[in-house]
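Both complexes shown next keep chain A, but they swap its partner, so chain B is in the first and chain C is in the second.
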Partner chain A sequence: MENNGWNEFEIGAMLRTFDGAIEDIAGTRQEDRNYTQNSSFTASVADWRLEKPVFNKDYCIDCQFCWVYCPDISIISRDKKVIGVDMDHCKGCGICVEVCPTNPKSLLMFSEQTDEESAIAGWPTKEDKEK
Partner chain B sequence: MAFDKLELNETEVWDGNHAAAQALRQAQVDVVSAYPITPSTAIVEGYAKFKSDNLVEGEFVMVESEHAAMSGCIGAAAAGGRVATATASQGLALMAETLYQASGMRLPIVLNIVNRALAAPLNVNCDHSDMYMVRDSGWIQFDAFNPQEAYDLNLIAFKVAEDHDVRLPVVVNQDGFLTSHTAQGIHPLSDDDAYNFVGEYKPMNDMLDFENPVTHGVQTEEDWHFEHKARQHSDTMNIVPGKIDEVFAEFEKLSGRKYSQLECYNMDDADVAVVCMGTSVETAREVALEMREKGIKAGVVGIRVLRPFPFANIAEVLKDIKAVAALDRSAPGGAAGALFNEIAGALFNTDSKMLLSGYIYGLGGRDLTKKHLVDLYTELQANADAGKLLTQQQQFIGVRGPKLAFL
Partner chain C sequence: MSEMKKIKNLKEFSTSADRFEGANLLCPGCAHSIIVREVLNATNDDLVLAASTGCLEVCTAVYPYTSWDASWIHIGFENGSTAVSGAEAMYKALKTKGRLKQPDRNPKFVAFGGDGASYDIGFQWISGCMERNHDMMYVVLDNEVYANTGGQRSSSTPIGASATTTPAGSISYGETRNKKDMMGIMAAHNIPYAAQVAPNKWKDMVKKIQKGFATEGAVFINAVSPCTTEWKFDPKDTMHLADLATDTLVFPLYEIIDGHELNITYRPKNVVPVEEYLAAQGRFRHLFKDEYKYLIKEWQERVDANWAYLNRREEARV
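Let's turn to the complex of A and B:
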């Protein structure tokens, strides 16, 4: 954000989300919206994260629990199919992993340094239910 | 319109609280978010009754504290409504945090403060300690000396506050009980004239504009906070005084009642003058006339606009006066009174040889009598004759016990 002088901004402790008006916000995907620099959408908070969720589509049943429960709208879902995690805004809280009902889970937490391929390669197998 | 108008008489008998409530009705306030406190309760109660009688269309929000009352006003104002409330004393103290939010967010809220002492000891009567407590909160502050002015200044307040170059909240002060509960003959405007004067509310960056979403009340740290405060102060100092004069002039055209940032009475040829606020102005005016019969050229300056303080105006008015008394109706807490300081600051770097003395008076509703003011003018004349202060700079009027004098 530019370091403007005291006379170079709009009054009030007020920031605009978009450059110009937006008419159909519900029908416009985030990537197609004209966010300003002031919007949290354009700010990365990835460095708040200690652990990251990795998504494994092989086990996902598209129940959308993770999408519903994510407090930062960071589960990206298209046509009711999860396609990944918004890693600029995910803060690594692990709620998506907690609510995932599949066996094994379709989302698991890994250290920030783990690459996705090795995470998927070492994915746990189905756990037997205790009888 | 879905509500009924009131046919008002040319002269109505209203106290200050009812006068303010009538002004809120005529301005067609959208939201009043309020918590009751003596002596201000009748203002918000009055709006609530008007609403239940279908005389105004709006929302009355009963909340759990004054902190919540102003928070509700802030939310409603940010959403894009015309908003007002009222409080006093302890209630204002609890509201204080949110007052700074309102002004920093540049929300045009109108707050009636019915001036009352701050505890301890607990006291419901008039002094100006609540007014003084929030004088640096970034709000424009008007002071009414009687019920008529409480009515007029409420209408004026909306018009000043809501101007898009101003967008600052406004306090309208009136003396607790002395004004708020004293019924006098009032000349109201008709409902149509009053509303047309205030004008339709013009939203600015309102949250209910869904095509232009905004975030209100953002956080800034060392990188931006200072610029926001500087902008607010600059607008308060450079834009607000001119806008107030403009609205005062427009109101005079409509009502015939003339307002000025400083109300000056018999000041043109005065040797000695009292500067004060609230109902004391009217007592001082009466005594000044009586002093003139005794050969003392006495004048009175009433502070109509406490913030932004009219520095240039007061320097101009007082520069040739020989002796001036600044009357502060608030315990000074280890300093000179606020008015004393403002006046001293306004005159300090000028050629004026004015002798300035400060007086603390009227705390907790203690009367300021005509006798007090006769003695005061006599003392000022003695200072003027001697060409120097014959007393210390700070004295107390009307307190029992040994004489108090400081500084």
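Let's turn to the complex of A and C:
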């Protein structure tokens, strides 16, 4: 696949995103799918980011706002719980941080170089609401 | 499988397995993929999809990748709707002849198009699909501009917006003509279901999409899609802009059943002045100069008049 140029592609050809058939795609999670290299799932846009979101599960109430409003399917949610951020597909837009309703927020943007442990260690505490 | 997927709350919705993949090349903070995800996750059935040329199409099918885990066809600017209607007609024919290998799977037919592909270029083709009443759904991702080709105006661009072909400057305030009332036009085809949706009201949206899937016949969906690049706002504010669009009533959320039964599905508790919606976007910045300030007042009057019109229509059932 990788060696084929666009002009070696047969006219009317079909790109298959999986190896073999998946009978019930809507019931098959991403980790159980056998993606081929044609699926953009196997690509990465991590280098688009200037800032990355860091997820702190201590404050998360699993409201799933970040999951539904993430444009890049990068909030990983399993069994109604948020379990992390998919750093290969996150473009660092920051929508998840904006829509997070907790106080303090469970997701915050940090510079790409910050490591997760120090980010969580320095997490802000609860803010008083402005009246 | 044709049972309606039960989605009572967001937690339940979050158990959906996405059929739209990341690492597509849409801008960070693009509302297109949020809308596409909400549409695709509203059903468990198989999908037959098409996308007319536009941001969505060029960004999700860049050689050698595709971001779609469903049958998806890449086709011209104007005929995404027609391709899907053809597939639907073929499906029906094969079903009648009993030649389907899996006759119980009940696929859903959905075409996506931007506002350029729908309001302008593909207009007569969509009209044809609606008139023939194919069992399909057409979803407009309405970002009010040809964002993919560099921000030219479309017939969806509202008055006062600065686009690259209607730039604001010393002698012009930008676009001079008002947005086309696509919902009204499509409903006038007497199609069974037409609805306006916004990504921030996910529940309202999923409800309408499911209603559309359950409807036999053509369904038209107009979805507001805040464009971070051409509306000129910070990518993180996409949902804030969508909130403003619905709460200022610039994009009222309503549905029209059989061309006459209009229901308003969302009434904001606090209606926000249109000025805030305009102020949040770079494309309207020039309206806050003294010489163009009268346009903001006109905007508010237009939005109020439209809201009153929708309310009257809802009451009169016409």
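Here is the rule we go by: the second predicted complex is superposed on the first by the 121 of 131 C-alpha atoms of A that agree within 3 Å, B and C clash if a C-alpha of one lies under 4 Å from a C-alpha of the other, contacts with A are read in each partner's own complex, and residues count from 1 in each chain.
The rule is short, and it goes like this: a residue touches a chain if its C-beta (ideal position, glycine included) is under 8 Å from a C-beta of that chain, and two chains touch if they have at least 3 such contacts.
Values in this document were obtained by computation on a predicted structure and should not be read as measured data.
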Partner chain(s) touched by A:Ile25 [first = chain B, second = chain C, both, neither]: both
Which superposed partner A:Ile11 touches (first chain B, second chain C, both, neither): first
Which superposed partner A:Tyr69 touches (first chain B, second chain C, both, neither): second
Which partner reaches more residues of chain A (counting touched residues only), chain B or chain C: C
Partner chain(s) touched by A:Ala121 [first = chain B, second = chain C, both, neither]: neither
Contact residues common to both interfaces of chain A (with chain B and with chain C): 4, 6, 9, 15, 17-18, 25, 38
In the complex with chain C, residue positions of chain A that touch it: 1-2, 4, 6, 9, 15, 17-18, 25-30, 33, 37-45, 48, 62-65, 67-74, 77, 79-80, 86, 88-95, 97-99
Residues of chain C touching chain A in the complex: 10-34, 37-38, 43-46, 60, 62-70, 199-200, 202, 228, 234-240
Chain A residues touching chain B - in the complex, by the definition given at the top: 3-7, 9-18, 21-23, 25, 38
Interface residues, chain B side, partner chain A - complex: 104-107, 167, 205, 210-218, 220, 223, 226-228, 230-232, 234-235
